[in-house]
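Here the chain labels run A, B, C and D in written order, and each chain numbers its own residues starting at 1.
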Amino acid sequence: MRPKDFGAASSTESGDELWRHTQQLRVRYSETDQMGTFYNSRPLEWFECGRSEGFRALGLPYATLEERGLFFPLVEARVEYLGRAQYDDLLEMTSYFSWAGRARLKCRVEIVHAESRKPVVAGHTIHAFTDREGRAIRPPDWFHQLLKSALASSARL
Amino acid sequence: MRPKDFGAASSTESGDELWRHTQQLRVRYSETDQMGTFYNSRPLEWFECGRSEGFRALGLPYATLEERGLFFPLVEARVEYLGRAQYDDLLEMTSYFSWAGRARLKCRVEIVHAESRKPVVAGHTIHAFTDREGRAIRPPDWFHQLLKSALASSARL
Amino acid sequence: MRPKDFGAASSTESGDELWRHTQQLRVRYSETDQMGTFYNSRPLEWFECGRSEGFRALGLPYATLEERGLFFPLVEARVEYLGRAQYDDLLEMTSYFSWAGRARLKCRVEIVHAESRKPVVAGHTIHAFTDREGRAIRPPDWFHQLLKSALASSARL
Amino acid sequence: MRPKDFGAASSTESGDELWRHTQQLRVRYSETDQMGTFYNSRPLEWFECGRSEGFRALGLPYATLEERGLFFPLVEARVEYLGRAQYDDLLEMTSYFSWAGRARLKCRVEIVHAESRKPVVAGHTIHAFTDREGRAIRPPDWFHQLLKSALASSARL
């Protein structure tokens, strides 16, 4: 995994980038299909790895948020398939996090071949906030506070 | 699986519905995640089952098309998550097939709870045509002919 | 799905077959890999579909058992890979249910090509009984009662 | 990923350990199920990552072997489920490679929690050798030569 790469998070307006995270992944054999490239649903699994590592890098591991009763189910996902990638290819994925309105989080993702930089996939997911029972809620104050201080810490680095 | 349900396919203009297909599926245990509902990448796997059965119902099994060297890789996918569905829930999925321009196929999909008709997922995939080596091609004449006569046969039913 | 096929369940001794269930399934595109056959972990997902449908056919849907707080996590799995199967191939899977000792359930499974009867996979899973928190428990009396009367009903059919 | 860990490979007799490889992995969200632990087929996907990295660490990337027309399909798999592991848990997996007879390769695998060392999964897979068309073959001479010199190099490290 590469070092964290945080953009300047000067604002928390909807649409502004809050932070970003870059990591590497290899295409698993189980992720290929008989067309010889990755199966079309795998990018959504990779996007989820990007969110996981992106939140961890910010100091807010997603598992901890779930333990506190905060869940981020998907509202919408979009994937553009830009190039092939085969078993064992080393890919680089960058996730860009921002607000989408006041109660939704957006993760935009770009995946390229790590060496050639040839694009493989672009896309995004949009997330609502829910409690443990799956009821839609506003992102709670404690989350806003945690996010704000995590962004402040990472900006100082 | 429910009987085929073909719309009136009076035209092959881009955007016009060519045919549609409805089928049922049950959420597998392997498709759930720890949030207690289906994992977010599963709908893309279900969409693919819809295309498979939709082509079979039309008399053009997808496996046969691949044997003749015609592949339909995804160019784009979009999923809207509209409601929860749990392990063993019986869902009903309808796939609507149309052209998207002259060289791309679009499959729009709606998934609802089979009994309550509550929406679960909506979305679409857009497909290019490629040969065995993954090179983009125009849909070949034999495919247009096969599709035309399959649509004519199904309209007579 | 084919009709239920119950063996004569004259006993509930460990090792004796309690009931069996046969169903059909098609290899999904998402289940293939670049070797052109099904990926090696898919049979465990199919085995789970066999347990699901086997319990439903007996009148004890697995989802209902989980709602009552009874879970059957795997203790052990074994898969023998006997033949290839490709995307869209129609397979027939038979699951044989028996006790393995007093507190474990065994599901033996055979998968063949539906038409040619050529073997594809054989194997088994062994299941413990746990409560909602994952603690190992003895199968509760209500489960023994339910199973006994379900087997009696199915034997009368 | 941790550094390679090669055992002393003094022999290539059936059953003797040829080499071993240890790596870390995190449980992905997509790998959980509604029981709150990893779904039962995921260990077979992890085992495959262990083989991939194990061969790469030895200097024989599996993708290269496939390019030369050598494939290692599974003949048999066995998984023992020894403990729970949740989303984001950090696991450590060690793969032990040996011959099983003259024409089969065996990979034994142990997975534990990286910190507590509590066992999660143990198991193995047994692999045949086939050509591109899936026909069983003896492991070719060039593979024996490659393996021998790779083992010799790694023993010198």
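Keep this in mind: a contact is a pair of C-beta atoms (placed from the backbone, for glycine too) under 8 Å apart; a residue touches a chain by one contact, two chains touch by 3 or more.
Just so it is clear, the model here is predicted, and its values are computed rather than measured.
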* Comparison of C-D and A-C (more C-beta pairs in contact) -> C-D
* Centroid comparison with chain B (C-alpha atoms), farthest chain -> D
* Asked: Once you find the CA centre of chain C and the CA centre of chain D, what distance in Å lies between them?
  -> 28
* Between chain A and chain C, tell me the centre distance in angstrom, where each centre is the average of that chain's C-alpha atoms. => 37
* To do: Send over the residues of chain D in touch with two or more other chains.
  => 29-30, 36, 41, 45, 48, 86-87
* Structure fact -> Note: in the complex, chain C contacts chain A through residues 29-30, 32-34, 36, 39, 41, 86-87
* To do: Mind listing the chain C positions that touch chain D in their complex?
  => 35-37, 40-42, 44-45, 48, 71, 73-81, 84, 125, 134
* To do: Could you pull out which chain C residues touch chain B in their complex?
  => 26, 28-30, 45, 48-49, 52, 61-63, 66, 86-88
